[in-house]
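There are two complexes below, and they share chain A, which is joined by chain B in the first and by chain C in the second.
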Partner chain A sequence: MKLELKGLTKRFKDVTALDNVDLCLEKPGIYGLLGRNGAGKTTMLNIITARISASEGTVTLDGEPVFDSDSKLGCMHLMSEVNYLDTDLRFKEAVAYAKQSYGDKFDSDSAMRYAHAFKLEGSKKLGKLSTGYKSIYKCCLALAMDTEFVFFDEPVLGLDANHRDLFYRLLLDSYQRKEKVVVISTHLIEEAASMLEHFIIIASGRILMNLDSEQMSSYATAVSGPRDAVEALATRHSVISRVSLGGLETAYIKGIVETDDPKLSVCAVDPQRLFIELTRNEEERV
Partner chain B sequence: MEISNDIQMPIFMQVSEKLTDAIFTGAFAEETQIPSTTEISMTYKINPATVLKGMNLLVDQGLIYKRRGVGMFVKQGARERIKTMRNEDFSEKFIKPLLDEAKKLDLSAEDLHKLIDKEMSDEARA
Partner chain C sequence: MKLELKGLTKRFKDVTALDNVDLCLEKPGIYGLLGRNGAGKTTMLNIITARISASEGTVTLDGEPVFDSDSKLGCMHLMSEVNYLDTDLRFKEAVAYAKQSYGDKFDSDSAMRYAHAFKLEGSKKLGKLSTGYKSIYKCCLALAMDTEFVFFDEPVLGLDANHRDLFYRLLLDSYQRKEKVVVISTHLIEEAASMLEHFIIIASGRILMNLDSEQMSSYATAVSGPRDAVEALATRHSVISRVSLGGLETAYIKGIVETDDPKLSVCAVDPQRLFIELTRNEEERV
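Then we have the complex of A and B:
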């Protein structure tokens, strides 16, 4: 099943949250949607799942518009911080409700298994749960979805380190139970990186990069050493950013860079560092 | 086992290295089943496609084999094979970096021999 975004634009009063976005998601896999606060991640996910409408552009599934199509929307699920569930709903009831709406595309047994692993109290109302457990409640439902597309918008917000670890492992369980397109938007890049096959980076409402994990790891090289030696090498390449400490400089250079200069040390750049260097504001250079 | 994002080595190679290590130390014995892709993926939070890629390296090296419908097993003689492979890699992995650093420090071959002898006798005494 092919999900396509074409020329997607969303304007709020005086802000353009999404600016002419084209994106295609088809191959099952775990995709990371990365972007700074206000970059447009949530807006994009909300438009895809028809929670809000676009100002311009289209979202189609296998060529047909998603908006207003129950059968198309039934192929997708979005877990997000915003509550669209009734706060009086107990987890057990939510599971029964999801089964009723999604049928074969929801696995009740897995939902209960995930809830058990998190020690989520099935008989407590959603509204009565702590912030962390509210997220867990929604995560457990989303993890049990076998829809072709499952979107997680900041799923680990408010979860402690153990619960985040558990969530990631259950996400892999969920994915291997039934392969699907899983998109996870997160700020915790370091924690999620090893699970991601694909990185979609958005900045100021636009897709900045769309790379698989191998392209991502060879996207940039960090070169460190005495400033003049680094500069001599940097002038021959495209530099993403520079950080200096006294006479010591590190340049983040596009592509794979090699050097024989023994004064220089060269290393690969991990996804989180690359993200930071690519999306850093001038004001943040303190 | 810790998998690191600090990618001086790609994750799939880290996976293959850890599995190789487990076979070499006997944690995964010959002719026994090794953990499934799903188990490895969940335990270390690695994408299953990456785990598979790492496992395939071991298949290519003749260390593990597939039993249809059951899973992956350690081959008879895998430990010996790993030992041979590691012997072959020893110079590249350990001696070359040692010589590179020695060169920067102006250490002669004789200096190095002395250092090695000293370390070895210290270790023997400990």
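Then we have the complex of A and C:
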């Protein structure tokens, strides 16, 4: 099943949150949707799942508009911070409700198993849970979804390291149960990176990069050493950014770079560092 | 200056949030206070800085009780999620107020410089800022403090990767301006670890571990391979935890472990992984 965004634009008063976005999601896999606060990630996910409407452009599934089509919307699920569920709903009730709505595309047994692993109290109302457990409640439902597309908007915000680790493991369990397109919007790039097969980076409402993990790992090289030596190498390449600390300079250079200069050290750039260097603004260069 | 916690206990109704904690903080450095949600970190920081009172035990600075002593409390600052500042206060006003309260122990110029780096709007009232910028506002004030003790309770929660990276760099800038005891409570152990010189792990209201970074890095070894081979090695050692994935088993073993068995791979355990393995509960072993 093919999800296509074409010319998607969203304006709020004087802010353009999404600016002419084209994107195609079809191949099952785990996609990271990365962007700074305010970059447009949540707006994009909300438009895809028809929670809000676009100012311009279209979202289609296999060529047909998603908006206003219950059968198309039934192929997608969005887990987000904002609550679209009744806060009086206990987890067990939410599971029954999801089963009723999604049928074969929801696995109740898995939902209960995930909730048990998190020690989520099934008899407590959603509204009575702590912030962390509100996320966990919604994550457990989303992880049990076998819709063709499952979107997670900041699923691990506020969770401790163990709960985040558990979420990542259960996500793999969920994916093994049924392959699907999973899109995760997260600020915790470093720890999610090993799980991500594709990286979509969004900046100021536009798609800045859309790479698979292999392309990502060879996208840039960090070269460190004395300023003169780094600059001598850097001038021959395309430089993403430079960072100085004491007498040492690091240049983040596009592509794979090699050097014989013994004063220079060269290493690959991990996805979180690459993201930071690509999206850093001027004031932050201190 | 020596901060000492002796027999510190805090009970809320039927929950013992802190259970007979002894701790001494004296040497300047950057300390990580790590614990799961509900482990007692925030309670501990709130008692140290006299925001709440202990059920039992004492907090002293150079032997004198902190509670009710303005001069002792003036040696400490706590940045926390809960707002103790007037929400009508603009950042510039908060800086003036901090200068008035803390005198030489607050660096107004640094505060303004940090706010500029974060692009914090100085003329906006605290209450009108986004969640992320509320944290940034409080971080900028705390980073400008030159009190002998500065505590940060989840300073980077909700910040994007660039803002977290900037916070860590400014923290080092702040520490270089004046050495002090900096304690950071955080769930993002992996990315903070390289900055931390000491690791204090708290579990169920008790200090589980208090190690410097060198002790931490040699605390455990991960041994992976076929189950039989791992078990043959593990039985001769103290095992923290075991994880199975497919046919592969990993045992986290105390201390530095070496082996000649070519079927086994051996590697050091990073602090976040060690934390997870030490504090995992039964239900999470899925």
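What we mean here is this: the second predicted complex is superposed on the first by the 286 of 286 C-alpha atoms of A that agree within 3 Å, B and C clash if a C-alpha of one lies under 4 Å from a C-alpha of the other, contacts with A are read in each partner's own complex, and residues count from 1 in each chain.
The rule is short, and it goes like this: contacts are C-beta pairs under 8 Å (C-beta built on N, C-alpha and C of every residue); 3 or more make two chains touch, one makes a residue touch a chain.
Bear in mind that the values here come from a model prediction, so they are computed numbers and not experimental data.
Once chain A of one complex is fitted onto chain A of the other, the partner contacts of A:169 extend to both chain B and chain C. In the superposition on chain A, A:194 contacts chain B only, with no contact to chain C. By the touch criterion defined above, A:252 lies against neither chain B nor chain C after alignment on the C-alpha atoms of chain A. Looking at the shared chain after the overlay, A:262 reaches chain B, while chain C stays out of its contact range. Using the contact criterion defined above for the overlaid structures, shared-chain residue A:91 touches neither chain B nor chain C, since it reaches no partner. Of the two partner chains placed by the overlay, only chain C lies in contact with A:283; chain B stays clear of it. In the superposition on chain A, the chain among chain B and chain C reaching more residues of chain A is C. Of the two partner chains placed around the shared chain by superposition, neither chain B nor chain C is touched by A:219. In the superposition on chain A, A:272 contacts both chain B and chain C. When the two complexes are superposed on chain A, the residues of chain A that touch both chain B and chain C are 165, 169, 173, 190, 272. Looking at the complex, you find that chain C touches chain A at residues 35-37, 113, 116-119, 130, 132, 157-166, 169-170, 173, 187-191, 272, 275-276, 279-281, 283-284, 286. Here chain A touches chain B in the complex through residues 29-30, 165, 168-169, 172-173, 175-176, 190, 193-197, 213-214, 217, 262, 267-272, going by the rule given at the top. Only residues 3, 5-8, 10-11, 37-38, 41-50, 104 of chain B touch chain A when the two sit together in their complex.
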